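Letters are used for the chains, namely A, B, C and D, taken in the order the chains are written, and counting of residues starts over at 1 for each.
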Amino acid sequence: MYNRINILGSDRMGKMSYISNFEDWQESFSFNITIKVRFNETDMFGHMNNTVPFTYFEEARIEYLKHLGFMQEWVSLDSEVIPVVADLQCDFLQQVYFDDKIDVFVKVNSIGNSSIDVHYMGVNEKGMVCFTGRNSLVNLNRATGRSEKWKTEWKDKLENELNIVQKV
Amino acid sequence: MYNRINILGSDRMGKMSYISNFEDWQESFSFNITIKVRFNETDMFGHMNNTVPFTYFEEARIEYLKHLGFMQEWVSLDSEVIPVVADLQCDFLQQVYFDDKIDVFVKVNSIGNSSIDVHYMGVNEKGMVCFTGRNSLVNLNRATGRSEKWKTEWKDKLENELNIVQKV
Amino acid sequence: MYNRINILGSDRMGKMSYISNFEDWQESFSFNITIKVRFNETDMFGHMNNTVPFTYFEEARIEYLKHLGFMQEWVSLDSEVIPVVADLQCDFLQQVYFDDKIDVFVKVNSIGNSSIDVHYMGVNEKGMVCFTGRNSLVNLNRATGRSEKWKTEWKDKLENELNIVQKV
Amino acid sequence: MYNRINILGSDRMGKMSYISNFEDWQESFSFNITIKVRFNETDMFGHMNNTVPFTYFEEARIEYLKHLGFMQEWVSLDSEVIPVVADLQCDFLQQVYFDDKIDVFVKVNSIGNSSIDVHYMGVNEKGMVCFTGRNSLVNLNRATGRSEKWKTEWKDKLENELNIVQKV
């Protein structure tokens, strides 16, 4: 289905309950990957299928977690804890087309005892925000299957990220 | 990433802001498709990748819209209006594995002047709810690029669906 | 890109080196699954993207291997041997569109000491062959990383399949 | 399914009927894109699913056609001719894993009156050839649905590419 039409963008800003002030929010990101929309990611309505941004979110999140040094431990075979995606959310603001280059920004938005709230923003080459999103990522103990408190070292790193975000 | 572990389910119930009473909500669906999780929909963590349910939502929504008789007009070449996915949301409650057969339920949850809120529920063969979701679908005028009020005939059909849901 | 246009079909028959007589070949299948082309499997040229049939081949092959009783051993954790896809091939004969229901047929075409040649045929609701394909599947020893001869029991099963095919 | 195991590579070299001399062939490419294997492109056997390289081939082919200046005309709305993928083929030589960076090389291998044979080679960061492939791309007349001879200008460009390849 049509993802949306340009005018929809302005109509919808403010409807994303996870964003209190769009301009502040937009400026609070400092990490991104760049992706190019693939031909097989379009659909018969002529643009990026609406299931695709979640793939971009996953790649952005993984690169960000690598950058923070978390991913390495999480994917090691003897790791006691693993990252669990508890939910996923995306708001579509602008059409995205084949061959568009999209900067997919990612940041930690808030930190719980055993989880983080991760935010995403996709920006096209004209500087327009095409889609926004968020998800909750839980630190899970493999043996117990229950969420596990962040190690002090990790919590410090995460809070440092939050400070960076707030200072920007 | 790991989507979640069983115990997570009960932890998360009640966190889905679009569901007020989970049991009532669960019983309010009357339309579903059944899908089988494909091998290439798994990832290296051994289960369904978390981007996949949005594909299932799309198929369920399309079949439901066909059932309501909307899809036919929406996809006809001379249609003045088209359906636009304005946002997408999914909560993961239980692990989903290769070859699982999932009933993906879909319903209209509320009706606006020019949009509907669509809800989804994925249930495995053991009767466990594996994921829930929702999205807003907007009736868009192709020429103006703006949302367009539902035709009386369609609004009646949608409200009829809502009645079915509430009576169940 | 456009996968092909109807007329192409007849032009190409006979170009598939793995099929000696198309009519005989077509009648030699006795196992199939049925898939429905998903919306997100289309691309901006309006039909099924050409990467998609390989997903259908995989599902058809797995169901067929289950039917033969191979899959169960191959996916058991203590299995010494695993199936390896050594190559994949697809010829496109007819356009395939969203919502098309395709019967994807699969058969063993020939048996080597440690591998089988698997053939595929996709047929739409009008009875037209839309795509054909094949791949080599190797029985691999996990420990040595080398191909391993079929067990007598499995070779017998496979040869029985070949007989069924030849008798049809 | 397991795509293959390292040792398979050397076993299979020479089985690819579209490659006469592997070393000459390997050196005949001069254009490539680089892709990173995405998390959702892996499957439960722990590596890149075998349907994925066809997506990479498509992206490499499109970038190459852009580079040759063909794509622009082919995708313009008033173009009389369009590119049609008539078949697709891939041979798997080495395992490919999440996060691998793969150089996907592409070249014109031969030129027919109305089609070209396109070859592909995927090379990992260690310089190992992980997969090879080919497909036939047909120049189709939109109105007649029949293949159409290359324009002199395009044929010259294609033959120039062939010369580059042969000189390398």
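Please note the rule applied: a residue touches a chain if its C-beta (ideal position, glycine included) is under 8 Å from a C-beta of that chain, and two chains touch if they have at least 3 such contacts.
Predicted model, so just to flag it, every value in this text is computed and none were measured.
Superposition angle, chain B onto chain C, using Cα atoms only: 180 degrees, a multiple of 5 between 0 and 180. Between A-D and A-C, more C-beta contact pairs join the chains of A-C.
If you average the CA atoms of chain A and of chain D, the two centres end up 32 Å from each other.
Taking the mean of the C-alpha atoms as each chain's centre, chain A and chain C sit 38 Å apart. In chain A, 1, 39-40, 49, 51, 55, 58, 62 are the positions where the chain touches two or more neighbouring chains simultaneously. Taken together, the chain C residues at the contact with chain A in this complex read 1, 39-40, 42-44, 46-47, 49, 51, 98.
Residues 36, 38-40, 55, 58-59, 62 of chain D touch chain A in their complex. On chain B, the positions that touch chain A within their shared complex are 1-8, 11-12, 15-17, 45, 49-51, 54-55, 58, 61-62, 82-92, 137-138, 140, 145-147.
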